[in-house]
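Below is one structure. I have some questions about it.
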Amino acid sequence: LVADAGSTSIGRFANYTVFKGKAALSMKPILPAIRELDSRSSRVYKNGSVILTFWPAVGQRKYDWEKKQVFALSATEVGSLIGLGPTESCEFFHDPSMKSSLEGQVKKSLSISPLGNDNGYFLNLSVVNNIQKTNERLSVPITKAEFTVIRTVLSYVLPHIMGWPQAMMRAQQPTTETK
Amino acid sequence: LVADAGSTSIGRFANYTVFKGKAALSMKPILPAIRELDSRSSRVYKNGSVILTFWPAVGQRKYDWEKKQVFALSATEVGSLIGLGPTESCEFFHDPSMKSSLEGQVKKSLSISPLGNDNGYFLNLSVVNNIQKTNERLSVPITKAEFTVIRTVLSYVLPHIMGWPQAMMRAQQPTTETK
Amino acid sequence: LVADAGSTSIGRFANYTVFKGKAALSMKPILPAIRELDSRSSRVYKNGSVILTFWPAVGQRKYDWEKKQVFALSATEVGSLIGLGPTESCEFFHDPSMKSSLEGQVKKSLSISPLGNDNGYFLNLSVVNNIQKTNERLSVPITKAEFTVIRTVLSYVLPHIMGWPQAMMRAQQPTTETK
Amino acid sequence: LVADAGSTSIGRFANYTVFKGKAALSMKPILPAIRELDSRSSRVYKNGSVILTFWPAVGQRKYDWEKKQVFALSATEVGSLIGLGPTESCEFFHDPSMKSSLEGQVKKSLSISPLGNDNGYFLNLSVVNNIQKTNERLSVPITKAEFTVIRTVLSYVLPHIMGWPQAMMRAQQPTTETK
């Protein structure tokens, strides 16, 4: 058996993508890396997440994947997004170099704000990179229907990125070999 | 192993059907067609959907399946339906011949509008066929209880027609053969 | 393989039971009976349901299982219960002898009405049996917390009693033998 | 096959933990102990639960696991927590020595009350131990986002701690050997 099953491969193939005027947004789950301790128990040693990828439009219906920016939502940030009321907004701040020598050099922030009249949300990713002297901003409006899809699949996927179904499945497997 | 598992067979056997005065309505999921790339990863190459089938009453409790009309809801249209408030309505327009030489010849529209007093919704399918010179309209009232069933099963099925559980199941399979 | 998997055995062992002053109430799912047509497809030939069992108190914390009365909720009745607002009520009427020579001899009705102040519901089962000349009434108050449990497990179980997960699992099985 | 699969092992490895100023809180599911009666049926002989573990801060970002206090939520208590409105509160009382000679010597109570302005909840565990003459109080504020995570995973896990998915999975297994 394998210890670190699928912590990266899944996301590229199960996703939800919307293409809008100025940018596209794709959303995919990353399962936690789980280490098996013995035939019945296991431990999450790397948390799962939901990766948001934004990439800019460079013409009509043309998008440049090379210029993509990613933002990994933790379980609690997924909870914030799922529980967002129709007039509420939220903002998350990430430093991808946290606890390294580059800490503070790259600042990412994702803000989610209502479009008004219960019409969906505006997702806005800002990436300030002090090393490359760049400051990028990618924005995608999300309709109410698209946000319902996002809320529904994120509610489904949340226990999975936390490793709960995996642990329960393992605990329920018959253990004839250890008896 | 098989590449295009079950993209058509399932729907005929798991459905939800209501019979009303002027027409019947049946609802069934179509799973995405998934191509396995290797033992751990796979790609959705044809999106799943939820097929609505309307067919007219031709007498008391008699319905003519030969005159059926279908409408395939995308993931985002399913989201629109799931998130519909008690006084809200929505409408979808489809062209089954899009990007073919017959584009624009057949126009389908599905409207969902509230019955009033939080009593459910009216589903109305209109199919205008310029080639066959036909214009058909099929209408089914849905009670609040029936709509709760629809909302509940569509919330359940939405991640499946997007291929997320399938991808996660595959990523979690032990890969003894590649070790 | 087996055609009529588990249409009765499951319910006795997975349930949710509350014991109240005048009666007890237990709730259990019955899966649909599914017939396999071939290795990839199957058909529901008997719908699933959720069985409510009421049995009366005959002393302090003593309940008489022999005097139990059952009421089988259909998928749409489960939808009605799940979607019930805090001040709404509903009522279902069943004739267990429908389409037999005894039709109309036994009348069952289940009413669910709010306790007031968002405090839960009162479930009231009435069984009028014209053959045995009996008229029984069993009532169980359900707290808001208990109703949340019921709503949550019935939302979970609804797709299962409709046969959707079963059909999807089957459609996704690898079919090496038919290749 | 095994009768008492995984009634304890799972919880240590699938959990959700928040670290706050005065204490940390961890949450984990305990599956019910299920006894197999034969190849198709089984019975829950010990209910599942959700274990909350509180342990105090003893310095900045330091927590003392040795001083932990636990509180096991029943299915109905989980329902109470899931269904809690933004301005509602609830309180549960447990006696871990119920029906033993020490009954009444240890009193545990867990209260959940709103932080105000739809900003989350305050979880407060009090343990009064008359034998050890101790009176401990552990408090953890939970943000709205964290509570959404808790509500989502507890809604997911509730049918599992009641044994419903397990019973349904078993009922759907092919039973070639008994045919």
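To keep things simple, chains are lettered A, B, C and D as they appear, and every chain counts its residues starting from 1.
Just so we're on the same page, a contact is a pair of C-beta atoms (placed from the backbone, for glycine too) under 8 Å apart; a residue touches a chain by one contact, two chains touch by 3 or more.
This structure is a prediction, so every number in the text was calculated from the model and none was measured.
*Asks:* Could the interface between the copies chain B and chain C be described as same, meaning over half of its residue numbers are common to both, or is it different?
*Replies:* Mostly different residues.
*Asks:* Using mean CA coordinates as chain centres, what's the chain A-chain C distance in Å?
*Replies:* 39
*Asks:* Using the average of all C-alpha atoms in each chain as its centre, how far is it in Å between chain C and chain D?
*Replies:* 27
*Asks:* Mind pulling the residue numbers of chain D that touch at least two other chains?
*Replies:* Residues 166 of chain D each touch two or more of the other chains.
*Asks:* Counting only chain pairs that touch, give me the topology of the graph as line, ring, star, complete or other.
*Replies:* Basically the chains close up into a ring.
*Asks:* Would you mind writing out the residues of chain D in touch with chain A in their complex?
*Replies:* 1-2, 5-6, 9-10, 12-14, 16, 29, 31, 118, 143-149, 152-153, 156-157, 160, 166
*Asks:* Going by the contact rule at the top, pick out the chain A residues touching chain D in the complex.
*Replies:* Per the stated touch rule, the residues are 37, 40-44, 75-80, 82-83, 85, 90, 155, 158-159, 162-168, 170-176, 179.
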